[in-house]
């Protein structure tokens, strides 16, 4: 379980804007893909040399450069120079422990978000930072590793249907963010299913593993919450910004994205409520079960303790112990003991403890 | 128990504005009803073909089109085209997992709300999304299934009494929303009765089913809360909007609706407080009962443990054990044991444990 | 215990502004009293016919009409017509389950508050709705039943001392509200005394009734809170309104009323804190007491279990059991048992468990 | 323990502005002291007759009148008339159950605060209301009883060093408030020490008194919180007021006072967190201790229960019970019992329960 | 454990602006270092006499004076006079128990922050106050003791690379603050590791020390929270101030610092959530373990109690007890007892308690 983050690699005291990767290197080589498109034309290529991107900078089409892998800081620096990206923004791209954020500079807007995935085997939550920088006719996106979340967008871009190729870089950046937020719903649904499963498990087949599972779920909800909570402010800032980079037509889509963000946050909060209810339910169920066991012991003990005393009495070796000589003494003792046992059982039943 | 929602059918990466039904299909066929009215005339019909609505678009009367059933996306698209409804709004109509929301576009206002019902047999909470779109002289409403919540409105429309036929589409949309909110009070009252019942049950006839009932109630309150919480913002936005679609005379009704919304939310919060108090009460009652049982065991054990020891002593087979030969040894032992038992009882009474 | 409200009588789907009493009828006949006054003159009468009030409408004096009993909706309608009260306000007067609220219409201000009383026998909290409508030179107040809370005001009115007869209807409405808020302090003090009593009870004479008492107190604080919480907003709106009905000289009194409202809310919140502390204290005290009982059992059992074993050993019937033949065997066993008992006691004392 | 306040003496229905002391009379006679000063001169006297103050009203110096004891309402009325103090402010001076507040009237500012003291013997928190009224060249302060909190200020006034004699009445009022807030730190430090002591006590020497001590501390923190919480708003209002009574030079001191207020509130909240942590710690420690005791019982019982059964077996009186006739039967039984005991101990050790 | 602060040395009633060190003296001698630099030149010296700084005041370069050790109030007063620092700011420098704050005066800005360190041996959190005052071309910083947190800054200053020597005093002050905030991440990471360790410990090797460790961690998080919580407001005030001391180019760095502050606060809150989850987990684990022990006892007792009763029966000495004379009586009893034991075990297994 690693629900706490590592900030190790960043040495305190470094000059602001220093380019150091905070976090692990997740891929071997950096992969850069480029799309250059307008309504009529589209060009797609895999860039081996950052310098190959330079010629696309000043044409009249929209350019989308996607970088998978952050360990080669030289790539970030060169792209940064090409699009005049402030050193602090470059640092933010590399700081994968960073909180999701938005920075509105004059000639570009920087957005960083968290991509979430539930590893299907270990059920662990994997988090990846995605940074998106967009300005007039360009979008540059940075991922820690190669992922498939943007593939449907690539497909739509190639097909050229819908609004995407007609609208500007701001709409394209929105599309990228929208696909990340859409993906949150997948995670949330999976977590919702786990809540249902745990609910079922607590009522019907409680086991030693139930507690760690609840604990795990709680931790993951805290993690998801931390990733999605800043989303609302980011999208709302994007919508209310006075930046000229956001065109009028995009606003309604940002409003829609905002609604989705609120829904994600809302659902995560509801799930936290439900999970804390699960925990209460777990505790109470465990408690009730222990009480059931104790009740059996108590009844056993309460019935047999006086009986055992009685047989002890007649096991004493006194020379003068008159009952021992009675002919029906033994039967009398049995009758007495049965009467006592029934009396105690009756008392229990009257109290409603059986 | 399904207190978590399904988002399954929406594939991440779909283009924004794609029309896909999120949720289950609840009816077999789409039913469209149309009311066309002004102060003097009223026409009512069941529309079999969407195109039949088109002629009502540009007359001078108010038109209310109600659609029951969402699975035929073609119907939504055609109505959308007729009233120039933005693709994102169309998508929202179909996204039944959506959070209640309001969108204020230039020529119409989109509101989506949750209709709540308590299934009388299973005691489950059923939730249905209702979307209302209204503009200049038209209201279109979409329900997942045919329901009876709008029947009183139809009746008032036919009778033509009161304000309804005199006022515009905004007032009519308010009427629809008002009837949904009125309906919340029915749910809330039912939940309130269940709180009273559980309160009674915990004090007088606690059973194995009490805990799941509390758990269930808690879950339903979380669900209701999620459905009604956005209501306040929606109504308040509607009241404060600068849209020309909201006429002056409607404002006081929206203020009233706002008060009702606040009261619903307020009551749900109070019920959450009360339910969490119920849970504490349940735990404490269970705990006290266990303590009562334990007290009986403890008293039994504490009294008989030393007595059993004493009879054991005189059950020993030592050749030289002088007390055994005393003539009143047996009576003496009984006297001793009674004294000890009384002593222990006295100690318990002094301590206030009996 | 009825801490949840009834909304039964209001049928969903009724036209807004329909006059239906929500709640029970609390008196047999409606009683209407009228005061008509200015600085020099005062007239007081009991009105049997609503129409008798009409002549006081347009004179130059202030008129206060108080209505006790709400079941005769005709009375409300006629008074409503006389003072041009909006149908929605009329509906609010009858909706006794309503949340306290303020509505600022052009020619009058509508305020509804909750009157609270603690029934001295059953210790139940009784809640009554009081609606106050005031405009230029008139105040109309509606109560569910005849009460004595306004009696001191009637007295001051008759005596004509102080500001009351010199100032306008707004000041008079303030006086009514002030007397309701003053009354809250009586309730709060009573609840405060119950907290003190319960605190004392938990420490010194805990009983079966303590838990229901705490539970009851908690429920009542939730109820009081619901009644007083909206007060702050109401008074603050009244103070900040731009309505010309509020004269300059009244503002400082409203500010004072606001301070009192905040103090009531503040104290209720503090009492909730204290009550939840009481509950923790109760649980811990119960728990500690159980532990004390268990400790006695544990010590008894721990001492006698090995002793009983030993006497059992020498109760065995083996033919060859050498100790039985020793002359001091019996004394030796006693010595052994006393040594063991002391050893265990010593262990307990060392551990600090005695 | 009296953590709830008394409002008894104020009868609901009294006219606003009526002068009635709410709370107990704390001193026998009212003591009035007067300081009249400017940069060069200072006059100090004990006033036996309120009328003696009148001549100081209209000179050009600052006048500070301090009143100890509130039961003589005539004194308050006369001073009120002298400085044109509104009847509601006069009422507030006497309402010692009031919440700390600020009122900004045209020609004076009214501030009421709570003075806190920890009685060193009973460890109870004593609360006293201090009202400060200041205007152009006058400050009047009212205390419930004579205290020493203003003594250092008197001393600084007599010495005439520092800013105090140079600056106006607003600065002087600030000085009074500052000395009250400074005093809070003393209380807070004492409460902090008690938290440390309780922390130590729970870990090392838990006793019957620990729980009431925590309960007491919690109650006092709630009380302190209620007294200091309004402070922030009061000082912030004072700083932001547009009243001409606050001179420019005083603003920086009010900002400083504001920072201190925030720090007091902040620390109280932190202490509440710590105390609730103490309570959790107490519960867990008690629980762990009970578990330790139970563990000893469990081990004792688990070992001896089967052994006692075995010796019981050979205590039976069957005529045909072969083992009894074996020569080494007794030794064999001992060997068996030791083996069983060791087996159980081994099981416990393996499980980590020892 | 000292999680509560000392305010001892400050006597209530002191004149505002009095220079008294609140807190302990942490170093023997005050150490003053001075850097005087512009883009081309840099001078660095250790100042033995405060007066030596005076000549640097009015040159055209930036001057950074760092003071380690606060006990010599004369140093603070002289530097205060040199840079016209208000007595209240001087007091704040010495008040090490103060809350982090910002004061914006006309000619300088005062910022105080908390430096945090985790003592590697005792695992205690050490807190030190750092005050930074900057104005036109000067920065003065005060530390309680000599530390190494500013060393990297000194190094960058000497090397003269990057922005630092080119930009003004505001940027330099930002650099100091940034290095303090960067340092928080180190603390936070250490606390995060402790959470992971405790999580591991609770699941796998729970011991007596686990509870104090959780308690300790909780206390430290409360402490860290108190230190970092005001940070957000401070940085945000700094960014939004209209002071001319903050140049345009610095704003983006302050925005970055703000993001870091929010991240620190966010992570501390998340850690508080996780720690409270740890505590729940601890309680539940302890509880489950006790239940396991009790279950063994219960099973032992439930099986042997009736068996011991049976052997007691046949240990009775009745003259007429027929079974004793049966030849297979003994075998029959064994068979009976084994049957009973198996029956009970079967019951337990059926109930799922084994």
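Letters A, B, C, D and E mark the chains as written, and numbering starts fresh at 1 in each.
Here is the rule we use: a residue touches a chain if its C-beta (ideal position, glycine included) is under 8 Å from a C-beta of that chain, and two chains touch if they have at least 3 such contacts.
It should be emphasised that the depicted structure is a prediction, and the values quoted were computed from it without experimental measurement.
Undergrad: Determine the set of chains touching subunit A that also touch subunit D.
TA: Intersection of subunit A and subunit D contact lists gives E.
Undergrad: Taking touch as defined above, what minimum step count separates subunit C and subunit E?
TA: 2
Undergrad: Over half of the interface residue numbers used by both subunit C and subunit D, so same, or under half, so different?
TA: The interface of subunit C with subunit D is built from mostly unshared positions.
Undergrad: Can you compute the centre-to-centre distance for subunit A and subunit E, using the mean CA position of each chain? Integer Å is fine.
TA: Chain centres of subunit A and subunit E, defined by C-alpha means, are spaced 26 Å apart.
Undergrad: When the C-alpha atoms of subunit A and subunit C are each averaged to a single point, how far apart are the two points in Å?
TA: Centre separation, subunit A to subunit C: 42 Å.
Undergrad: Quick check on subunit E: which residues sit in contact with 2+ other chains?
TA: Residues 294, 297, 301, 305, 308, 312, 315-317, 321 of subunit E each touch two or more of the other chains.
Undergrad: For this assembly, give the contact graph shape among line, ring, star, complete and other.
TA: Ring.
Undergrad: What part of subunit B is in contact with subunit C in the complex they form?
TA: 149, 151-153, 156, 161-164, 175, 178-179, 182-183, 185-186, 188-189, 192-193, 195-196, 199, 203, 252-253, 255-256, 259, 262-263, 266-267, 270-271, 273-274, 277, 280-281, 284-285, 287-288, 291, 294-295, 297-298, 301-302, 305-306, 308-309, 312-313, 315-322, 351, 353
Undergrad: Inside the complex, what are the residues of subunit A that reach subunit E?
TA: 1-8, 10-17, 86, 88, 92, 98-99, 101, 103, 105, 211-212, 215, 218-219, 222, 226, 279, 282-283, 286, 289-290, 292-294, 296-297, 300-301, 304-305, 307-308, 311-312, 314-317, 321, 323-325, 327-330, 333
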